[in-house]
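Down below are the structures I want you to see.
Each of the next two complexes has chain A plus one other chain: chain B in the first, chain C in the second.
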Partner chain A sequence: MSERLDVRKTYKLLVGGAFPRSESGRSYEVVDANGLFLANVAQASRKDVRDAVVAARSAQRAWWSLTPYNRGQVLYRLAEMAEARAGELSEQVGRAEGTRAGEARASVGRSIDRLVWYAGWCDKVGQVLGGQNPVAGPYFNFSVPVPSGVVGVLADQDSSLEAFVDAVAAPLATGNAVVALASEARPIPAVLLGEMSATSDLVAGALNVLTGRTGEIAPVIASHEDVDGLDLTGADDDFAGELGALAAETVTRVLRGADPQDRGLKRLRAFVETSTVWHTIGQ
Partner chain B sequence: MVEVSPAPLRLVVDDERALRPRPGASVPVVESEVQLRALLRALSGVDAVGAEARAAKLATRSLKRETKRAAIDLALSMVDLTTLEGADTPGRVASLCAKARRPDPEEPDTPTVAAVCVYPDLVSTAKTHLAGSGVRVASVATAFPSGRASRAVKLLDVADAVVAGADEVDMVIDRGAFLAGRLGEVFDEVVAVREACGPAHLKVILEVGELVTYDNVRRASWLAMLAGADFIKTSTGKVAVNATLPTTLVMLEAVRDFAESTGRLVGVKAAGGIRTTKEALRYLVVVNETAGSAWLDPALFRFGASSLVNDLLLQRRKQRSGAYARPDRISVD
Partner chain C sequence: MDDAPASTLSALEYDPAPESAALARLRERYGLFVGGAFVEASDGATFETLNPATEEPLAHVARAGDADVAAAVAAARRAYDKVWRKTSGAQRAKYLYRIARLIQERSRELAVLESLDNGKPIRESRDVDVPLAAAYFFYYAGWADKLDHAGFGPDPRPLGVAGQIIPWNFPLLMAAWKLAPALAAGNTCVLKPAETTPLSALALAEILQQAELPDGVVNVVTGDGSTGAALVASPVDKVAFTGSTEVGKLIQRRVAGRPIRLTLELGGKGANIVFDDAPIDEVVEGIVDGIFFNQGHVCCAGSRLLVQESVAEEVLRRLRRRVDQLRVGDPLDKNTDVGAINSAAQLEKIRELTAFGEREGATRYTSPCALPERGYWFAPTVFTDVAQTHRIAREEVFGPVLSVLTFRTPEEAVAKANNTTYGLACGVWSEKGSRTLWVAERLRAGVVWANTYNRFDPASPFGGVRESGFGREGGRHGLEAYLDV
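And now, the complex of A and B:
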C-alpha cells in the first residue's frame, strides 16, 4: 500500500461568503516566527478589493435589517465556532507569533471572550450611544446610532487574532459590513476566523477577509469611494497619514491609533453615525 | 492575448476584414412563402457547441487601458436607455431623458446614449425632453412584449408611435406563428410594419429565448432581414432567457452573411440581462470578431439596457480617477 500524501491547505480569501483564490491567481508564502514555511496564502489584488466592497455593500443592508438581538446571537455563534476550533487557532497563533502553547491558548481564549463581549453589545449600543433628547415642545426627540456602512479594516500587524477580533467584531456589532485586510506576515488566524464566520449564520459578505501585501492593497481600500469607514490600526504613522489623505477625498470616517489593549467603547463608537428622529407624543 | 491599438476603437486593420459584398449582390425579392421557405432551408445549421465555445473563447479576451476607455465610451454611445414598466410615468421618462442627454453630469465629456426606449404612449413625452439633443426616441410596438394581437391592432400600435414622433420602432415577431411554421405570415407582418414605420427605423425583436434553437435564431434573423428590418434584436427583456453571447454571435454571423450576399448592412441589438461593463465589453469583442469593425458603431450595434449605464459610468470614473467609484453618487433610476 502506498504512503498517504498530506493534504496541504492553501488559505483562501473570504469574499461574499465564498472562498476564492485571488482574482489575480497570485499567492505568497507565509512563514512562522522562526522563518519556517507555514502555508501558501492567497495574495489579493485590487479587483478582489472591488469584489469584496460590492459584496459588503449589499450584505450591509441585510445585516443591519436583522434585529440587534439576532445579530448578537450570530456573533455569539461565531464564538461557539471558534471555541470548537480553539486548538487549531492556538497552534496557528502560537506559530505565527512565536509564543509558547499556553500563552497562545490564553490569547485565543481572550479573543473568544471578546467575541462574546461584542455579541452582548449588539442590542445595547442603541441604549448607550443613543438616547432621548430634551425638547421644549409636545414631541419626542431621539438620537439613534446607525452604522456607517462598509468599513475597511487594516488589521494589526503583530497580534494575529486578538486585535483582529476587536477590529472586525466592533463594526459588525454596530451593524456595519467589514472588508478586512489581515496582517501581512501573520494572516492565518484571521483567515480561520473568516472560515468560522461562514458557519455562524453571518450574512454572506458582512465579513470579508483579504490577505496580501498591505502596501499594495491598503491604498485601494482607502481610496475606494464606497468605503465609509477605515480602521488604520495596521498601518504605521507615515503610512496611516498617506492612507488618511486618500480616504479624506470622500470624507471616509477614519480610526487611527486605536490601542489593541483598549477595553473601552472606542471601537464601538468609531463607525456609527447619529440619526436624530422626531416623533409626536400622541394621546 | 492580442494587444490592441488605442482609440478610436479599431481592433483590426480596416481593409483586411472589411466587408466585401459579392459582385452583383442584392436583396432577393421574396414573392411567395414557398420561395421564402427555400431561402431559409438553404441556410446551414448552426454548430451549437462551436458557437458556444467561440463565444466563451472570445469572452476571455481582455481590453486594457486606452482601449478599455474607448470601449466604455463606445458602449455608452450604443445604449438604448430603456424603461418598459407598467409603472412608467411621464416624470420617470423625463428623468431618464435627462440621464440620456447627460449620463454623468460631473463628467461633461461623457457621450450621450444612442436612444431612449419607451412604450408608445410615452413617446411624445420623451420627444419633448430630448428635443435638440441628438438622442433618438425608440418605441416598442406591435403588442409588445407578447405580440398577441391582430395585425390591425399591431399596425395601429406602430402608427401611434410613429405619429408621436418615434425615430425607431421595436416590433416583436409572432413567435407562435414562427414556431408553428407559418413563416409567410411572420414575413408579411414584418413587411407591413416596415411600411407603417415610414421613415422610422425598424428593429425586429426575435425573442430568442422563445425560439429555443440556434437554427431558429439564424432563420428568424434572415427572415427579418429579408422582410426589411434595419436591426434585429435579441429579446424583449421580459422572458426568462434574454440576450446571451452565443445567440448574439449567431445573429452577428447572420448579418455578416446577409451583408456579404446582399450588400445591405443590418444592425444588431442585444437586449435584456446585460448589466455590467465586463459583459458589455465582451459583446463588443464578439461584434468586432464576428461581424467586423464596421458594426462597432451605434448605427449598427446597440445595447438595450437600463442598469448597464450606471455600471459603465462607474467604470468610466474608475478609469479616470484610479479609485473605485461609489454607486450612489450616480443617479439611480
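And now, the complex of A and C:
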C-alpha cells in the first residue's frame, strides 16, 4: 500500500464573505522560514482592494447595528473556531515564523486568548470610553465611542498571527469593518483566521483579508477615499510616511508605530470617534 | 401680526449702547512672546492688524520668521526639560487656576479687545468667548493632578513641546482650548494665533506673566501662514491645528513621516434638522443661533437647515421675519446681534459663494438691514430652493448664510445630513426623544445638539469625524491629545 497523498489547500482572499482568487488571477510563492515552498498564495490587485472596501462599507453598517452583546458573542465564536483548529494554526505559525512547535502552540494560545479579551470589550468599551459630561447648563450631555467606519490594516510583517489578531480584533470590537493586508512573507495564518471568521457568524465583509505585495497594495488602501482609518504597523518608517501622506488626502485617521505587544487600550481607542449629544432638560 | 413689516418694528429700535474702545488698553506695537518676554521679530518685521468694523489699523504686531519660530520652540523645549516636566501636577493646576482667575479679572478688557480685533459683537465676546476661556482653564486646572485617574493607565506622560495653530473666529477661546489641556497634561507650548486676530493671545501672554508661569512654558508667535508652516516644520512633538480642511490636509501630509502626534479640528457643513413636532418659536431662535452666531464664522455652524416639508413654509416665514430683526453693525454696541466680517478676504469668499448660489438657481433672501459704510459687512442671508449639489450646500461659507433644504422622512433627513465630506456638528429639533436619539445615532458628526445649537462647555468633548478632523477638545477626552497614550 502506498502512503496516502495529502490534499493541499489553495489559500485565497476573503472579500465580502467569499473566497475569491484574486480577480487578477495572480499568485505569489510563499516559503517557510527555511525557504521551503509552502503555497502559491493569491496576489491581490487594486481591484480586489476596491471590492473589499465596498464590502466593508456595507458590512460595517450591519455589524454596528448588532447589539454589543451580539458582537461580543461573534468574536467569542471566532475564538472557539480558532481553538478547534489550533493545531493547523500552530503548524502554519511555526513554519512561517520558524519557531519550534511548543512556541508556535503558545503563540496560537495567546492569540486565541486575545480574541476572547477583545470579545469581552464589545459591550464595555462604550462605558469605559464614553460617559456623561457635567456641563454648566440645563442639558443632558453624553459622549459615546462610535466606530470610525472602514479600517485598513497593514499587518505586522513578522508576527503572523498574534499581531494580526490584535490589529483586526480591536477595530472589530469597536464596531468597525476591516480590510486587512496580511504579512507579505507570512500570510497563511492570517488567511486561516479569515476562513474561521466566515464560520463565526461574523457579518460577511466585516473582515476582509487580502494577501499580496505590500508595496503594491498598501498605497491603494491608504489612498482609498472610503477608508476612514489606517493601521500602519506593518510599514517601516519611510513607507509609513509615504502612506500617511496619501491618507491625509481624506483626513484618514492613522495609527502608527503601535507596539504589537501593547496591552493597553491604544488599539481600542485608535479607531473610534467620540460622538457627543446635548439634549435640553426641561418641562 | 406675524407678517408685520419691518417698518413697524423700527419704532422699537434701541439707542446705541456702545462699550468704550479704550477699555481694550490697545498698544501701538505688540511683540512676540518668547521665553517669557515680549521681543521684536529678529528681522524687525511687523504687520498691521485691522478693526474689521472700520478698516482702521489697531496695532503693529511682530511677524515671526523662521528664526523666531525656532527660538520659540527652543524656549519651549528648554522649559519642558528644565522646569515643566519636573513641576508636579498640583503645581501646574495652581498655575492654571491663576490664569483662569486673571482672565475673569480682566474679562471686560479682553472682551473689548476681542471685539475690536475680530469684529464679533461685544455681547458674544463678553458672554461667550471670555467666560468660556476662563472656564476651560479652570476645568483643565483640575485635571493636572488627576491624570492617573483619567482612564489612560497609571502615570500617563506628556508628549513634550506642542505647536498649536488657531483660527481667527474665536481667538482667545481657541487659545484656551489649546493651552489649557496641553499645560494640564504637562506639555509646553508654542501658540500661533491667526494673522487677522493676534491681539487677545498677546493679552493672554501678559496674563501668563502676571500668573508667573515659568518662562518658556508658553510662547506666542504671531504672523501669517508662513509662520504656521515654520512651526509645523519645527522639531515639536505635537501639532494641534484648528482651521480649514484644506490647510489641515496639508499639515497632515507634512507631518506624516515624522514622529509627531496630530489633532485636527477642521471645517464643517452642519445640518440643523427640524421635525414637524418641534416648537416653532424655539426652532427659529435655534436656527438663528446656529447660523448667525459670530457672523456664521463658526466651523460647526448649522449652515444647512433641513426642515420637514409639512412645516417648511411656516418655519421659513417666521425665520425671515426674525432675520429682519437682527441688528447688524458696530461690534462694540451691546445691542448688536451680528458684527463685522473678520476680513476683506473672508468677505470676498462669502460674496463669491453666495453669487454662485444665485447662479446655480437657489432663491436668495437677504435682510434689508442697513449696513455701515466702512468696514466689512454681510447682511444675514437665507437661500431656499437649494439642491444638495449646489456649492452653497456643499462648501463651507463661513459667513451669515443659510441654505435651506427640505425632507419628508427621518431616513431622508439623515441621508441628506450625512451627504457631505464633513462631520463636525448637527442639530435635531423634535419633542420626540426616541426619534431624536434615533437620528443622533445615525448622524456622522462629532457633536449633536438636540433642541439647542452652538453650545460649548469645557466638560464636553468637541471635534469632528471624517474630513472635519480627528481628536477631541474638552472633557476627559481632550487630555488624550496631549498625553503619550
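The definition used in the following text is that the second predicted complex is superposed on the first by the 273 of 283 C-alpha atoms of A that agree within 3 Å, B and C clash if a C-alpha of one lies under 4 Å from a C-alpha of the other, contacts with A are read in each partner's own complex, and residues count from 1 in each chain.
In the analysis below, a contact is a pair of C-beta atoms (placed from the backbone, for glycine too) under 8 Å apart; a residue touches a chain by one contact, two chains touch by 3 or more.
These numbers come from a predicted model, not from an experiment.
Taken together through their common chain A, the two structures put chain B and chain C side by side without a clash. The superposed model places chain B and chain C at 80 degrees from each other around the C-alpha centre of chain A, with the value given to the nearest 10. Of the two partners, chain B and chain C, it is C that touches more residues of chain A.
Judged by the touch definition given at the top, the superposed model places A:Leu5 against neither chain B nor chain C.
In the superposed model, A:Ala136 makes contact with chain C only, not with chain B.
When the two structures are aligned on the shared chain, A:Gly264 is found in touch with chain C, with no touch to chain B.
Of the two partner chains, chain B and chain C are each touched by A:Thr250.
By the touch criterion stated above, A:Val220 is placed in contact with chain B alone, chain C being left untouched. By the touch criterion stated above, A:Leu36 is placed in contact with neither chain B nor chain C. In the overlay built on the shared chain, the residue A:Glu273 is in contact with chain C alone; chain B does not reach it. For the overlaid pair of complexes, the smallest distance between C-alpha atoms of chain B and those of chain C rounds to 5 Å. On chain A, the surface touched by chain B in one complex and the surface touched by chain C in the other have residues 249-250 in common. Against chain A, the residues of chain C that register as touching in their complex are 135, 151-153, 245, 248-250, 252-253, 256-259, 264, 266, 421, 433, 436-437, 440, 445-452, 455, 457, 459-463, 465-470, 472, 475-477, 480, 485. The touching residues of chain A, when paired with chain B in their complex, are 49-50, 53, 57, 220, 223-226, 246, 249-250. Chain contact summary for the complex, chain A toward chain C: residues 128-129, 131, 133-137, 139, 141, 143, 148, 228, 237-238, 240-245, 247-251, 253-254, 257, 264-266, 269, 273-280.
Listing the residues of chain B that touch chain A in their complex gives 322-327, 329.
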